[in-house]
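Beneath this line is the structure, given in structure tokens, with notes to follow.
The first chain written gets the first letter, and so on, giving A, B, C and D; residue counts start at 1 in each chain.
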Amino acid sequence: MGSLNWISNQPTVQEGDLVELASTQTKFFIFRISAGQELQTHRGVISHDDLIGKSWGSEVFSHKGSPFYILQPGIADIISSTKRNTQILYPKDIGYILVRLNILPGSVVAEAGSGSGSFTQILGAMVGDTGHVHSFEVRPEMMALAQKNINRLNLQNRVTFYNHDIRAGFGINNLSAIFLDLPNPYDFLDQVKESLTPGAFFGTLLPTANQVEKLLISLRRNQFVFVDVCEILLRFYQAESEKFRPVDRMVAHTGYLVFARSILNQ
Amino acid sequence: MGSLNWISNQPTVQEGDLVELASTQTKFFIFRISAGQELQTHRGVISHDDLIGKSWGSEVFSHKGSPFYILQPGIADIISSTKRNTQILYPKDIGYILVRLNILPGSVVAEAGSGSGSFTQILGAMVGDTGHVHSFEVRPEMMALAQKNINRLNLQNRVTFYNHDIRAGFGINNLSAIFLDLPNPYDFLDQVKESLTPGAFFGTLLPTANQVEKLLISLRRNQFVFVDVCEILLRFYQAESEKFRPVDRMVAHTGYLVFARSILNQ
Amino acid sequence: MGSLNWISNQPTVQEGDLVELASTQTKFFIFRISAGQELQTHRGVISHDDLIGKSWGSEVFSHKGSPFYILQPGIADIISSTKRNTQILYPKDIGYILVRLNILPGSVVAEAGSGSGSFTQILGAMVGDTGHVHSFEVRPEMMALAQKNINRLNLQNRVTFYNHDIRAGFGINNLSAIFLDLPNPYDFLDQVKESLTPGAFFGTLLPTANQVEKLLISLRRNQFVFVDVCEILLRFYQAESEKFRPVDRMVAHTGYLVFARSILNQ
Amino acid sequence: MGSLNWISNQPTVQEGDLVELASTQTKFFIFRISAGQELQTHRGVISHDDLIGKSWGSEVFSHKGSPFYILQPGIADIISSTKRNTQILYPKDIGYILVRLNILPGSVVAEAGSGSGSFTQILGAMVGDTGHVHSFEVRPEMMALAQKNINRLNLQNRVTFYNHDIRAGFGINNLSAIFLDLPNPYDFLDQVKESLTPGAFFGTLLPTANQVEKLLISLRRNQFVFVDVCEILLRFYQAESEKFRPVDRMVAHTGYLVFARSILNQ
């Protein structure tokens, strides 16, 4: 099923498949199967050749006898394991952003900056073959990394990268959503407005209250409406039926999410 | 762009379009444009005929002079406005569920029960024309409502409804994700396991700790692994640059989310 | 036991006692027993005379047969039922403030403004007969209300009120803690510093991020150290053993708490 | 001012004073001044003799030139630095417990178990010279540690320790509050009820939902009413005026707090 890109529709692992090798004791590994290669882990070595032909969901063992499961990687784990140089968006924020920005198969959207491409990956995955992602990044080395990460998922046909400062505008019109992952989104609202379809969706994530306060002034000045500011807290629980309780510690802050809709200037 | 279903790619509103009429003072309205019809609001009447030909994102006025914006509705607002008889999932939970269950264009997934079809709508939207949603509901009147809500978004080709108790099994194999929105998911894990592709994604939402405790026992017994239990808290802020602060009250609980992966029995 | 002020050490209710009449079905009532008086509730009338001589903790019935328990009121319920014209501090914040400001029997402390005296009540209760509370309020009618609330608890010997703007200074030295419940605490840090024992405790509660940002600048300028900013979220649960879960809604924000210690200027 | 126990009312540090030496760069130290002694820190050595005669709130330097402030320790820091073998209550929970259990100067209260005595310290501090704390602990070595911590604050006259299993009852009547810090409070509700003044206050803290569910059954069976279950979340902020934001991580769970009032059996 070509439209699923990195996902196999075969019952067993094949050369070239993207696999997740996960253990209940340690972290997981996401990589492409390449005959003759080996995966080194703290819990022993696993040869790619031993994985080929195994059923998805089956258990395999390292040379030290440590058990691993062979899985098809989900987008949440892919993002967590993305090679990166920067802070990335967390799945808790990403899911809500996708819903609030109405990112769907067929959507044509833009983001700036690309960063290491982790959010680009999920945008590329979600817009499908009939949509498109325009991704802007001024730092050439970051753009190269983002491209590499997109290629790894076979999403290159759905994403166009621009090594280009959006101060000069996006150069594209009629976008259905724009997400800015930049420290100063308040400097680019004219450009956002110009490129969004009237009424379409704007979003950003900002770490500090001061940035949000500045953005709120700019959004009003640029006639954005239906402005929402919120934050998402994700709390994990100990998954034990006899000792059910929240885990001791949690991520307390990633950023404030800001959403708004761009209307026609009156 | 047919693949976007309810979304128009024209610059102006046309007969048959799904529109959102939103005011900064009151709630919003989502409806299809039908020449000759009128929308009654607390802030006055608006004739559909007056909307036809208007640009998306423009401002219109009721007969009492109250301003509204004409927007294309996003999935979050669509869900909030879905006709329903039951508790629905909230966007804060939905976004995270989509990411954790790896729902993508091309995914073939199942849910039970359909309820009023609000989550069915978003699943239908996300799987695109190349994926499919199998939705199970034992109550005929609920299934009828869910179907009506799916038809409203032109998603009927992507969703198959079954008026069918999943106790007898889903009758479908190789699903990439199953979401149970039922009070007793622990009673159906055999059936889930049988229908999920090995290694694929299971999720559910449960209001009480007692239900989670029971489910954790069943998940272990049925050889599900990588079990995560969590909850998502969404806090809104007052969007005022000079008085930036959380709003006074919030939704404190919708449910505990539980995710797991189904592995091949050893 | 005179030092407990409003609390009786007799096993039964007597004329003049402060009682809490509480029902599991409705709100509670806190009042002083006065022979011949009646309490009117939505669930019927209760005569004070019928309460006199009853054991604390026993059940009584209104003329309509609704059950109530006769209790000695705790400080948390007293605060919640305080007559007031203004926003009051919540028990969740109060408890943490007391601990962080080291309010103990024997402490000599100040607050401004008094407001309706709800926090004054708890300060008066906590400092005991060997401590003292200096409470400043510029609005005469608020000061009168605060005094009335303090008198109701027999705490008048522990609290001195000043109808006096702290801009001119507190006029007292060697305080072990000062709490400001004012919108602009940043305007009074010189005065706070002058009146606090060197090294002693400062605290305030502010609703908006903007106020906190301003205060942080002033605290630094005035050589306060060990500055902590925090907020406290209190989540209640449904107290049912078979349906244990958080309640649906909660207070999302009362204010940001700010604490600091005043050091000797270098 | 004898009633303040560990707190000096002199302007300068004297032999025998309890001091807190705190640095903005490292942790703080709480100890008694003893002529001839030295404090060893990662940032250099400080001689007690150099502290004697210094004003409270003044700055001193280690032999390496690192700055410290000389402060009188507050109860929150004292608890945090208490020598302990076990999990202790956090200030966020303690403050709310004090308010909900109505712990005041003059209160006569009990707790079981004493643990390392950290909560005993704050109870002893709060009840004043006119109140009393009865503290029960079955493990002799823990009781010895709790006693040592109480002695350090000169609170020994306010606290009686019992090396005694409360299964046999507290052996004291008319208590105004009882706090249980035990894994199985549901086993001791008869004993609690017998020793509390009718209508008085019961509280406990439990880490898991399962324990709360069991306790709720027992509370109902033993005719406790006004049962509240809650949890307190404390979130710290970065105290920077230009980068105001929550800190990255937080304590997500200490325990569920349960409060109830004991009524006369009908």
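The rule is simple: contacts are C-beta pairs under 8 Å (C-beta built on N, C-alpha and C of every residue); 3 or more make two chains touch, one makes a residue touch a chain.
Keep in mind it's a predicted model, so treat the numbers as computed, not measured.
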item	value
Same vs different contact residues, chain A with chain B, by half of numbers used	same
Comparison of B-D and A-D by number of C-beta pairs in contact, larger one	A-D
Whole-Å gap separating chain A and chain D, where each centre is the average of the chain's CA atoms	45
Centroid distance [mean C-alpha coordinates] between chain B and chain A, Å	21
Rounded Å distance between chain B and chain D, as computed from the means of their C-alpha atoms	48
Multi-chain contact sites of chain D, meaning residues that touch two or more partners	209-210, 213, 235-236, 242, 244
Chain C residues touching chain A - in the complex, by the definition given at the top	209-210, 213
Parts of chain C lying in touch with chain D, wherever the complex brings them together	1, 3-4, 7, 11, 22, 24, 55-59, 69-72, 74-76, 91-92, 94-102, 104-107, 122, 125-131, 176, 197-201, 209, 212-214, 216-217, 220, 225-242, 244, 256, 261-264, 266
Complex contact set, residues of chain A against chain D	207-210, 235-236, 242-253
